[in-house]
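Labels A, B and C are assigned to the chains in the order they are written; within every chain, residues are numbered from 1.
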Amino acid sequence: MFTLILELLGTFAFAVSGFRLASGKQMDWFGAYIIGLVTAIGGGTTRDILIGLTPFWMIDAKYVLVTAVALVVSLVFRERITRLGKAIFLFDSIGLGLFTVVGISISLDAGLPIWVCIVMGTITGSVGGVVRDILLNEVPLLFRKDIYALASIAGGLVYFGCLLIGLPVDVTAIVASLTVITLRLIAVKYHIHLPQFNIEK
Amino acid sequence: MFTLILELLGTFAFAVSGFRLASGKQMDWFGAYIIGLVTAIGGGTTRDILIGLTPFWMIDAKYVLVTAVALVVSLVFRERITRLGKAIFLFDSIGLGLFTVVGISISLDAGLPIWVCIVMGTITGSVGGVVRDILLNEVPLLFRKDIYALASIAGGLVYFGCLLIGLPVDVTAIVASLTVITLRLIAVKYHIHLPQFNIEK
Amino acid sequence: MFTLILELLGTFAFAVSGFRLASGKQMDWFGAYIIGLVTAIGGGTTRDILIGLTPFWMIDAKYVLVTAVALVVSLVFRERITRLGKAIFLFDSIGLGLFTVVGISISLDAGLPIWVCIVMGTITGSVGGVVRDILLNEVPLLFRKDIYALASIAGGLVYFGCLLIGLPVDVTAIVASLTVITLRLIAVKYHIHLPQFNIEK
């Protein structure tokens, strides 16, 4: 139940982030829907294929439906969504935190080693945005700026730290999600980022 | 037998559509072959990976061979193929109709629920063209204009409508394919398309 | 043991080739690391997903670690790596030869037919570079110039030729790898390439 609410919230947030980036790029409604859907389910689908599971959205229609609801909401409240403009990273950050924890949890259930669980959490949180950027024909934002995947990795480390000191799983999930979200918000607010990579003069 | 002919025709049509878009883009023959091959088998491969099947072209060499034949035909008859220029969407449309039905049929055999079968039909018909556009470094055509995936979805609905009223599977497959092809041709002829997506001023 | 060394060398070489192309493109260190990692493990991951195996790097952390070592080496010796500038294709070529043989060997163990093994060898050697170019938002180099995948295919044919005349597997692997590397180097040195593909005036 708790995981379910997390997943639906994260799906909605990621879909809206996809719609916002698709907007104004000569896409039609269907194209925008697919961009939002891929942003929302791309990470989890990649995780499921790597682990060898049936992709989660094929078993349960609600992720595809939540994205459709998000599209309608975006179209109806387009004015208000515009005013949220500068908060686009907030949607991204919440989705990132929630999906990271969901990804870790599913990987643990699949019996994967801890480091693979952390990688899968990061993939669940990040790959949707990467595929979105590829479809929009841009170099993925993830590779260029801000702390993004690193916040996800840090959240994964906190997750297993919490389990190690004996916290219950629900508390662990909340703490790890908040860690990811907080790190991302702090990094953006204070312009904390990694150095640019440049090995040739 | 019937399905086989459909698949080979669809493969040929999609491969040629890939060659046409690859032409004149500084690609060599091998690059063009891969673009045509990916256009032809990309949708079915995505479907098989999502369902958890071995990709169809690994079990049976004929799809890879048909694409090679299509390449030779395209090179030998390049004059005539040029004259077919304005008919590029015809190839695409036939492939779309045939692949949609093949995808639904395979998904049904795999025991998937109806809505997933329709999604898989659409993926089988559409994803090859999306991967082609990604490789050619363009925003997928699918997202930008015309009724394309929607025709595929409509064909899927017609497919299950036909089964519901008790039509035999072969007739169902023909009716659904023709629905997809007709919808696509009508949409292009009368410039029917979805509204552009724009949620920010 | 022999295969292991081949794989680690190939991983290092491919990662460095990824770093070099990522350099100077407004990427941060993490982005560069992912580009290098994807270049190094993208082909093998694609092969494993197509065959239905758990991706090799999830079972064994050393590929992810070797890429991290390669990143540190690239940053520390950036001066010297710059001087290697014109030798970028050498890294690519060695990785191509080694990965082709590893891919064939794994596909043989999976009981695949010979032609699929050769395709899988080529995928193992080539797809990492294709995904790297997609992420960098460029038309894949593979499709545009030089003999690349064709060298890999030729190496695959040599591989099965060697087995046919009864050479031991280790010798076969060495001969096939050297074939790929030599063909690629000769093709670049003498500007041997396929004709450009152009079917429209």
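Rule of thumb we're sticking to: a residue touches a chain if its C-beta (ideal position, glycine included) is under 8 Å from a C-beta of that chain, and two chains touch if they have at least 3 such contacts.
Just so you know, these numbers come straight off a predicted model, no measurement behind them.
Student: At the place where copies chain B and chain C touch, is the share of residue numbers found on both sides over half (same) or under half (different)?
Tutor: Here the answer is different, because the shared fraction of interface numbers falls below one half.
Student: If I superpose chain A onto chain B using their CA atoms, what angle of rotation comes out, to the nearest 5 degrees?
Tutor: Angle of the fitting rotation, chain A to chain B: 120 degrees.
Student: Could you grab the centroid distance between chain B and chain C? Build each centroid from C-alpha atoms only and quote it in angstrom.
Tutor: Each chain reduced to its C-alpha mean, chain B and chain C end up 30 Å apart.
Student: Among the residues of chain A, pick out those that touch two or more other chains and give their numbers.
Tutor: Where chain A meets two or more other chains at a single residue, that happens at 49, 52, 134, 137.
Student: Where on chain A does chain C make contact in their complex?
Tutor: The touching residues are 49-52, 112, 115-116, 119, 130, 134, 137-140, 142-145, 149-150, 193-201.
Student: For chain C, which residues are in contact with chain A within the complex?
Tutor: Within the complex, chain C touches chain A at residues 19-20, 22-32, 34-35, 45, 49, 52, 54-55, 58, 61, 64, 74-75, 78, 81-82, 85, 134-137.
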